[in-house]
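Here the chain labels run A, B and C in written order, and each chain numbers its own residues starting at 1.
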Amino acid sequence: MSAALLDALLLAGGYNAIVVALGCAAFGLAAGSLGCFVLLRGRALVADAAAHATLPGVALAFILTALLGGDVRSLPLLLTGGAASASLGVLAVGALTRGGRLRDDAAMALVLSISFGLGVVLLSVVQSLPVGGQAGLKGFILGQAAGMSAFDAQLIGALALLAVLLLAALFRPLAVLCFDREFAAAVGLPVRLLDLALMGLMLAVTVAGLRAVGLVLVVGLMVIPAATARLATERLAVMVLLAGLLGAFAAWLGAGLSATLPGLPTGATIVLVACALFVLTLVFAPRRGVLAFAWRQAQLSLVTARDHALRTAFEARESEAPGQLAAWAELGRGAGWSAWQRALLPWWVRQAGLATTEAAGGVALTPAGLALARDLTRRHRLWEHYLQSAGGLPPGTAHHAADEVEHTLPPEVAREAEAWLRRHDPDRLGPVDGLPPPGETGMKRP
Amino acid sequence: MTEFLQLDLAPMLAATLACLACGLLGNLLLLTRQSLLGDAISHAVLPGIVAGFWVSGTRAAAPMVAGAMAAAVGATLLIALVRSRARLEPGAAMGVVFSGFFALGLVLIEVSGAHAVDLDVDCVLYGQLEALIWPAATGPGSLLDPVALAEFPAEAKTLALVLLLILGLLALLWKELRLAAFDPDFARSIGFAPRALSLLVLVMVSVACVAAFWAVGSILVIAALVAPAAIARLLTDAYARQFLLSGAAALAMGAGGYWAAALAPRVLGLDHGLNAAGMMAVTAGLLLVGACLLGRRGPAGRAQRRVAIPVRAPAAAE
Amino acid sequence: MSAEPHPLPVPALSVQHLSVAYHEQPVLWDVSWASPPAGLVAIVGPNGAGKSTLLKAVFDLVPRLSGEVRIFGRPLAEARRRVGYLPQRASVDWDFPATALQVAAMGRYPCAGWFRPLPRAERERARAALAEVDMADLAARQIGQLSGGQQQRVFLARALALEADLYLMDEPFAGVDAATERAIVEVLQRLTREGRTVIAVHHDLATAPQYFAHVLLLNVRAIAAGPMAITFTPENLARTYGGRLSLLEQAVAAAQGGRAGL
């Protein structure tokens, strides 16, 4: 099995297998890159409805071809039928919402399910036709790369590459359209035409994917790579390229897997590969990933808690007699530590060489810790003064406000605030670099 | 008569009950503009159904319902996570999650070997109404015979139970569900938990999807969820009538679709039956077109309202 | 439960250190404010100042980053029956299949409780509430067929049906005709004569001093609060609407961005 899989993946499985793998990959490239625009334009579920709406067209094309004595396996004929009925489906979504009573979400669900039902009924008509090839039609629902002819794969690949080329040609205007439709209209872009072009490309790619991925899951290969790329990058060009590559990889690997394990429906395998990539990115993406997010949150809250504790220790030193030392528990209470912070922070602060624990359980700041604590306290008071003076905040509020600000604003903004104070309210700044704590008075109530 | 009891009664009942159960719930989805959530759930429950089937090895409802509920709730949470992290619009986030879940379900069917028993891809796509037969029926007397009734297909019984449950919930929470659907913020402000209610609706939709699975599969169930409510919405502006009309539409869709599938081949001279689940969706489509034409906002309704406008004018204070 | 005078002048609504952010944007930042015990209070501020969010935060409709809310000195859970909410008219789907009476009757749901149909007597009280806003004739009308002013009256009737001591109203005058505006003002004044408190988000600076006795000037932070005559001054308004404190705004944004965005 693994040898066969390797053959399939390394394009060593004979001419037909190579062509099929390349055709699928080309489709994945087109679906992934186009998917970015479909996603950003908010058309993901229209694509799904259109994909389901291809079934009656494909079945009808089969029936008509059989009745006229043509070749029922002819992919171009079947795909033409699918494209025609998908276009009708898209028009039906618009018609259903026109009355204003049904929203487009309901209209899409209606078109999707009813046209699929019609397709299923037509498939049961196909079963009674006295020709062969009925079994192949099921491949259009869930996708079947195995048994695809080289001609079919070439057709799919050609369609997909054509779509990619058109997409590249229209990249700039489409990007503007997806970014801001009003703006695009204002700068004179033909937005209706562009929307129509996007819809046409979407239909073309959908139809191209029917044979390989199947109509049920073709939308997956449009939205999943695009969503993955969106997690990884903020730039549209990179996103489109990345989504195309991810789509191509997923289609190639999925088609290879299902070619070696014929039981696996190709479409589902391809989508699962794409999904696995998505989940990996969702968890591990450097900026938007879940882990990165959690790590930054934890880091920020840890640094904030440490700074508060150091400040509390410094202020305790200012007010109390020397020699009396606060314990970790007291510092933690003053700084609002949570349970895990209580467990972690004393160790971390000692490791960082900022403080030592004395025999009596008191906390003594090292020279480095003292310097940092003094700096933090000064910055905090600077902000408190500034917010009171410039913002007119009452002292209690200013204290909380300063707590928020001091951890996130860069030092140059702090210097700006200091300069402002020096200009407007020099009395608040002490003679030397030590700032006195601002006075606490009761809050005024209306 | 006996042939009808043996071959047609159970599938027709199952089709009708499935449409009623889903159609009534669909009102709550449609009125809160969440029809696509029905779409997402119907796809997302598939791995839950397959896993429940795999674990228990039977069509017994409980494990599959449990699996489906877990899958539905998991999918909903994932949709929220994907929305916030990838900053996607809800439709796209749904597309990502439900196609992933559906693909997982399809692969699970192959991997688990469930297809060898009963559950195969065809059932997912078209339902399996024709498998619901009642061979124990010997005549009209069987309808009262407990021994014969015990043999009645369990799928239909489950559907009846689910429909009763839904009717009970609708009766019990009639005003609460209306409040939460119309104005969730206000509902929350007076202490009626709209989030709990919408979670309840979500869970009920997933239960209905599982129960209807054997009858219509997991794609055509979307038609049962959305179409009756949409048909009723085109015809009325009254809340209670919305539910009554959707019930009627569901009835027509289920029973009418089943009979259309059974009778059409004879009329058209085909030697092969038509797919009943598909025909139900097609019937719903025809009803929808009719409602569009007849409805208040359709051509007929527009003519009617033109007459009604002078009555409105004095009441308008602006 | 209604209009008895309170022995102690407890603020009808007080919020402490209330902060809310939407999508990493600061909306409310460390707002501390106590309303007067009774009277008509306007919340005034520019667009995006967090006025609606303040009301929503009182009812836990938006997640709070921090802060505490008290209604007549008690947490929301204990005081729910004494406070009523009038959401923005645009926040609901007026195409919903419901009649004016059905919407007004929602104000009686707390009295009816869960799992029961609304008793006839309660429905009659809802009808009476509709009559108070001159909507008795249109009780059976589907809400989508009402004019904007009439829809606002239905919302007001629903709030009145709550029989609360404190009302939080989100832009009750938005998009209504002159007749409806006068009618709403009369209802609000009647409510305060009965000893109730109405706190309303208000957009129109010209009418604010005319309609309201107190004011909270809000722009992400609470700028000023107090009796209208001494608080609604050009300086305070300039501080509310002007962008004088650019450095401070930056500080606010950084604080919020740091908390929500990282």
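Convention: a residue touches a chain if its C-beta (ideal position, glycine included) is under 8 Å from a C-beta of that chain, and two chains touch if they have at least 3 such contacts.
Just so you know, these numbers come straight off a predicted model, no measurement behind them.
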Considering only mean CA positions as chain centres, point out the chain farthest from subunit A. C
Per CA centroids, the chain at the heart of the structure shown is A
Find the geometric centre of each of subunit B and subunit C from their Cα atoms only, then give the gap between the two centres in Å, rounded to an integer. 40
Cα centroid separation, subunit A vs subunit C, in Å, comes to 36
Euclidean distance of C-alpha centroids - subunit A vs subunit B, Å: 31
Mind pulling the residue numbers of subunit A that touch at least two other chains? 100-101
Which positions in subunit B are in touch with at least two other chains? 33, 233
For the subunit B and subunit C complex, residues of the former touching the latter: 31, 33, 172-176, 178-179, 181-183, 185-192, 233, 236-239, 241-242, 312, 315-318
Subunit B contact footprint on subunit A (complex, rising order): 39, 42, 44-45, 47-48, 52, 96, 99-103, 105-106, 108-110, 112-121, 123-125, 127-128, 141-142, 216-217, 219-220, 222-224, 226-227, 230-231, 263-265, 267-269, 271-272, 275, 278, 282, 288-290, 293
Listed in rising order, the residues of subunit C that touch subunit B in the complex are 56, 59-61, 80, 83-85, 87, 91-93, 96-99, 102-103, 106-107, 109-110, 112, 114-115, 117-118, 137-138, 141-142, 144-145, 147-150, 158, 162, 177, 179-180
Once bound in the complex, which stretches of subunit B touch subunit A? 30, 33-36, 38-39, 81-82, 85-89, 91-96, 99-100, 102-104, 106-107, 110, 121, 125-126, 219-223, 225-227, 229-230, 233-234, 261, 265, 270-275, 277-282, 284-285, 288, 292, 295-298
